[in-house]
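Could you have a look at this structure, given as structure tokens, before my questions?
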Amino acid sequence: MIEFRNVSKVYPNGTKGLNNINLTINKGEFVVIVGLSGAGKSTLLRSINKLHDISSGEILIEDKSITSAKGSELYKIRRDIGMIFQNFNLVKRSSVLRNVLSGRVGYHSTFKMLLGLFPQEDKELALKALDRVNILEKAYSRADELSGGQQQRVSIARALAQEAKIILADEPVASLDPLTTKQVMDDLKRINEELNITTIVNLHFIDLARQYATRIIGLRAGEVVFDGPVCEATDERFSEIYGRPIHEDELLGVAK
Amino acid sequence: GCGSGSDDKAEKASGTASKEEKKELTVQFVPSQNADTLEAKAKPLEELLGKELDMDVKVSVSTDYNTIVEAMASKQVDVGFLPPTAYVLAKEKGAAEVILQAQRYGVNDEDGSPTEELVDFYKSQFIVKKDSGIEKVEDLKGKKIGYQNVTSSAGYVWPAASLIDVNIDPLKDVTPVTFKGHDQAIIALLNGDIDAAVTFQDARNVVKGDYPTVFEDTKIIKFTEPIPNDTITVQTDLDADLKNKIQEAFINIGKDEEGRKIIQEIYTHEGYTKSDDKNFDIVREYNEKVKTE
Amino acid sequence: MKKELLLQPPRSRKKQFKVWLTIIIIALIYIWAFAGMPAIELKETSTQIVSSIFTGLISPDWGYVYDPGGEDLLRGLIETLAIALLGTVIAGIFCIPLSFLAARNIVNNGGISGGAKVVLSFIRVFPDIILALLFIKAVGPGSFPGVLALGIGSIGMLGKLFSEDIENVELGSSEALMATGANPIKTIWFAIIPQILPSYLSFILYRFEINVRAATILGVIGAGGIGTPLIFALTSRDWDRVGVILLGIIIMVSAIDLISGKIRSRLT
Amino acid sequence: MKTEQEIKTNTILHSAPLPSKKLKYLFTFLLVLLLIFLSGQKIGFSFYELLIGLPNMGDLLVQMFPPNWAYFVRITEPILDTIRIAILGTTFGAILSIPLALLAAKNIFQSNWITYPARFILNLIRTIPDLLLASIFVAIFGIGAVPGILALAGFSFGIIAKLFYEAIESIDRGPLEAMTAVGANKIKWIALGVIPQVIPQFTSFFLYMFEVNIRAASVLGLVGAGGIGLYYEQTLGFFEYDKTASIIIYTLAVVLIIDIISNKLREKIL
Amino acid sequence: MIEFRNVSKVYPNGTKGLNNINLTINKGEFVVIVGLSGAGKSTLLRSINKLHDISSGEILIEDKSITSAKGSELYKIRRDIGMIFQNFNLVKRSSVLRNVLSGRVGYHSTFKMLLGLFPQEDKELALKALDRVNILEKAYSRADELSGGQQQRVSIARALAQEAKIILADEPVASLDPLTTKQVMDDLKRINEELNITTIVNLHFIDLARQYATRIIGLRAGEVVFDGPVCEATDERFSEIYGRPIHEDELLGVAK
């Protein structure tokens, strides 16, 4: 369970990223967050695992406050939260496999990690994750030799390899072709359903949102302007989220 | 070779070495400033001394006598070659005792060439441009003078005393400019940046290669009183026996044909003569005389 | 146009004032600095002396390259190389913890990083010659105190450059590591190290090169190597000797540069 | 269940590349280790000796305390002189270093015909000892601040240019591509794609060099420009370590002020 | 007119980016390139303005070979080709406005550019471009303070401000919300139609491709596997491009 209590976030330059957010996301939900570019979607996601410190309020993960967590307690909480980044955040100079393996570091002692001693199972896990996103053959390439979509897939593989209990995905399919998109979304959904893993995804595709989500949250200027099950997320509601009527032909996503 | 040396070093550091048989003698020297050629060679002396003393000798060369004094104070160096001022200060610190002084050939006052005579002192000189119209030290009042660092006997202390003798304050009645290197002072003089330079006798030999007419273009208006030559000193913990042995060893080297050639080439020394702390009272006197604060 | 196009940045009065103040202060500093500068004039003796220096430099004293007695250019260079290598290794190891502590983006505690920065500044300010004195008092003259003095003395520069480099890294990948629950050490190891390794190595190799050329301090300490002969040749204006020593150093430094370039290109 | 996929991952896992590359790294590593060991042998490195001698260092440090505070007045003027000369020397050196650093950077000029000569010039200049630079400039310009500034400029030039070109080589290629794509010629490409990215590093190298130049004041003594170097020599020559300590503290204060300014500036620019 | 003659591109690590491409794109066309992630779309685009040197073959722009062009001739050709990058390629430390202005450098003397002296009209042009992509208010922010979509829009504004004759856009709407996506695509289309500017866009949205393109090119493993007008780009054709049948629900894009 993830709980937001009066959460606000102001960036150092004064921009309001989040404005008094109150939310409860239950275990096993598949939540899609939608909103205009700059609405605060990434900010919301990043505050869940405390990549951003929030300015006020509190966030609880499984009833433990991550806001006040520190040290190994914080690392434990984070280990159980996998994240797929909007801009991939790969270590460009390292190999693809090493990038994916880095999702596993939370499970092993610091000493072993310094020596790069990943157990064989971890390597297999990492390779399977790469295979799942169709870039197994690039395992030993350097991350910066990949195409945009390939890099995004490495970032997804890293999160998959982490075997987390919560997955946060920031526009995970932005640079992917339709086939890979479907594959990734299906994967996320399957993991969500089979392993009961809470999944929160930022998406721009309204139709994709409707197809996969169990619940949709709409953000506008840092505030929650919609929160409800998919069936309630009508076109009118989307108009409200985006601040003006949506034309039929703007509903990006999987066909209706 | 240090693997074996480390043990007795340790003893030295704890101050017990003097009582026991010393295995290795550490020698360090700074080649004297008042030489027109310098060589950074340690091996030849190491061999000569080792043969004379029949023990391991380690010689090293430094460019700064401060480190030698400090190393002698910590008993890390047993024998040091020190210039007179440095010796006096080291003695004051209780770090060293003089045992020998170097001998050199004197310098011809006329043309800066070496004389036939072995001496244990040298002199400092006031140089001006030939056409400058400055004839004597008194004329220097209000002029620009190139000194060396105030710790330098030939580059400051002795000439400053000469100025005081004629009632010129060496810092206030003239414009002092400090140089690093006697050659730099002479070049500044040739350039006209200063009106007079004080250097050891005869530092013009150093710049002669770069400026062949230096002897024709400049003249000396005054020589100072003699300054004692470089010393050979030992650290205070050394036992008397060894001290004597060292004294003799150096004197023998100076007398030996082969040894002499080597100390000549490398240190421009011609031989060594026994010395006594009293010889340096003159240095103390001069230091006192020119003391500013 | 529905909105007004802002052609000038919307700066507050206060900010604008600050910008101008900075400009004026810098201008004043430069005026002060230039005011103390005398006019430039060329000296008559210059051609003569400079040409004699250059003649000496370009006709190196080949005899010094090898001397059976053992104190020649080749062995001097090798000894210098050994001293510089060890000194650099010492500095390269000790600068790492200090520079991570000094980097603001790694240690989110102004007190600690500020403290580490002051320590680094202090090491840099501490004169080489006093370091030399300290070590010569401890272990006696020779190469060993030279290594120690070079090693400790180099920490200041390496630590400063390195910590600023760490402050410049792109933090995206370390965010990714943090998000997987990695502790700071793991984060640094997996996300920061690969990014800074190339420049760390190049700073180290650069410092190695500087240490090769650190003649003065080694000369003071009686460390052997090529430093002392170089200083003596310079002070006795023995230009052909200077020439051959410089040639030796240039060849050695160029070789180091070539190797370091190879290593860096392998890593970037 | 031995699935097809398992077989696939296993093949990749075991076809894992580069045992030869790993071997090469290992070999290099061992080689460096051997070199370090041999050097240690040659110079007689001994932790034991250091440990035993450590107390001796205390003797000297004790003599430095308390610092001679009165000496501050004496050295204020030389320090100001030093700062003044250091400002000009660093500035000239830094300005000169910009074009050469650009020429030496492989990602700016891909041709070895440009980068290698530029690097060779840099190596050459860095190798010239400051003593020699000082001798030459004194011969040309006489004694005083001018040769001091020039000697520092020459010295700064070599160091900044080297650090700077390596910083340039590690910048992000993306914006450069963007500048290429808009049809910028080389100079515009540098002005709008390279410079904004390297300004923080350049500033910090500049300020670092300024700091070095204040400390490298002994060069100024060589050219008769006064400065703080003379006072170091003098106090050490007379074994007046309390005064030496004052100079160190004074310089430290100046350096810390530069550091603070440098950090403020870097924060602004970064 | 853009002409590819037997163009191939092999990356230094041996990857085949393009394999013997022959294409002619006429003035005023609106071409959309589709293909799996890693198919070579970015490589194709980047070889048009010689950001990548091709390994063999020749590319002609308006009958001039860019492959052999050098110096100011090359700069001139490039000035007339605007590019929107997949990964934005902004100078992170510079302000948004400065990033957009940098699109104008081809028009001014080197000396002025060294001093950063852009004429007033350029500034207005840049601000208008920013307004068009709805981030005028961020003009004086630093580029790295923007959200993902905002950065993408800066990159679009830069290309718009360049007033080029050809526009190459590498997934220009990947991180944009539906509203901005429509706005950007409409803008590209309008510029294309009104000013007769040749436009080549890499897209993953099949429906979007069908809606805006006049011609669709399909790439697979560096080869052109489809090339024809929109009407010919049937679902079966897409299946061929992607290498397997496309399900109805994978056709991302604007509604049918």
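Letters A, B, C, D and E name the chains as they come in the text, with residue numbers starting at 1 for each one.
FYI, contacts are C-beta pairs under 8 Å (C-beta built on N, C-alpha and C of every residue); 3 or more make two chains touch, one makes a residue touch a chain.
For clarity, every value in this text was computed on a predicted model and none was experimentally measured.
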Which neighbours does subunit B have in common with subunit C?
D
If you average the Cα atoms per chain, which one ends up farthest from subunit E?
B
More C-beta pairs touching across which pair, B-D or C-D?
C-D
Centre to centre, using CA atoms, which chain is the farthest one from subunit A?
B
Between subunit A and subunit E, centroid-to-centroid distance (C-alpha), Å
28
Per the C-alpha means, the centres of subunit C and subunit D lie apart by a whole-Å value of 3
For subunit B and subunit E, let me know how many angstrom lie between their CA-based centres, rounded off.
78
Taking each chain's centre as the mean of its CA atoms, how far is subunit D from subunit E in angstrom?
42
Could you check subunit A for residues that touch two or more other chains and list them?
87
Quick one: which residues in subunit B touch 2 or more of the other chains?
2, 9, 66, 70, 73-74, 76, 181, 187, 191-192, 210
Residue numbers of subunit C (touch at least two other chains):
43, 45, 49, 53, 129, 133, 137-140, 142, 144, 216, 231, 235, 237, 268
Contacts from subunit C onto subunit D in the complex sit at residues 29-30, 32-34, 36-38, 40-43, 45-46, 49-50, 53, 79, 81-83, 85-86, 89, 117-118, 121-122, 124-127, 129-130, 133-135, 137-140, 142-144, 146-148, 157, 160-161, 164, 167-168, 198-199, 202, 206, 209, 213, 215-216, 230-231, 234-235, 237, 242, 246, 249-250, 253-254, 257, 264-265, 268
Considering only the defined contacts, which subunit C positions touch subunit B in the complex?
43-45, 48-49, 52-53, 56, 69-71, 129, 132-133, 136-142, 144, 216, 219-224, 228-229, 231-233, 235-239
Can you name the residues of subunit A that touch subunit E in the complex?
11, 13, 15, 34-39, 42, 86-87, 135, 141, 145-150, 152-153, 170-171, 174-182, 204-208, 211, 242, 244, 246-256
Contact residues on subunit D for subunit C in the complex?
35-36, 38-40, 42-46, 49-50, 53-54, 56-57, 59-61, 81, 83-85, 87-88, 91, 106, 119-120, 123-124, 126-129, 131-132, 135-136, 139-142, 144-146, 149, 162-163, 166-167, 169-170, 200-201, 204, 208, 211-212, 215, 218, 232, 236, 244, 248, 251-252, 255-256, 259, 263, 266, 270
Which of the residues in subunit C end up touching subunit A in this complex?
172-173, 175-183, 185-186, 189-191, 194-195, 197, 267-268
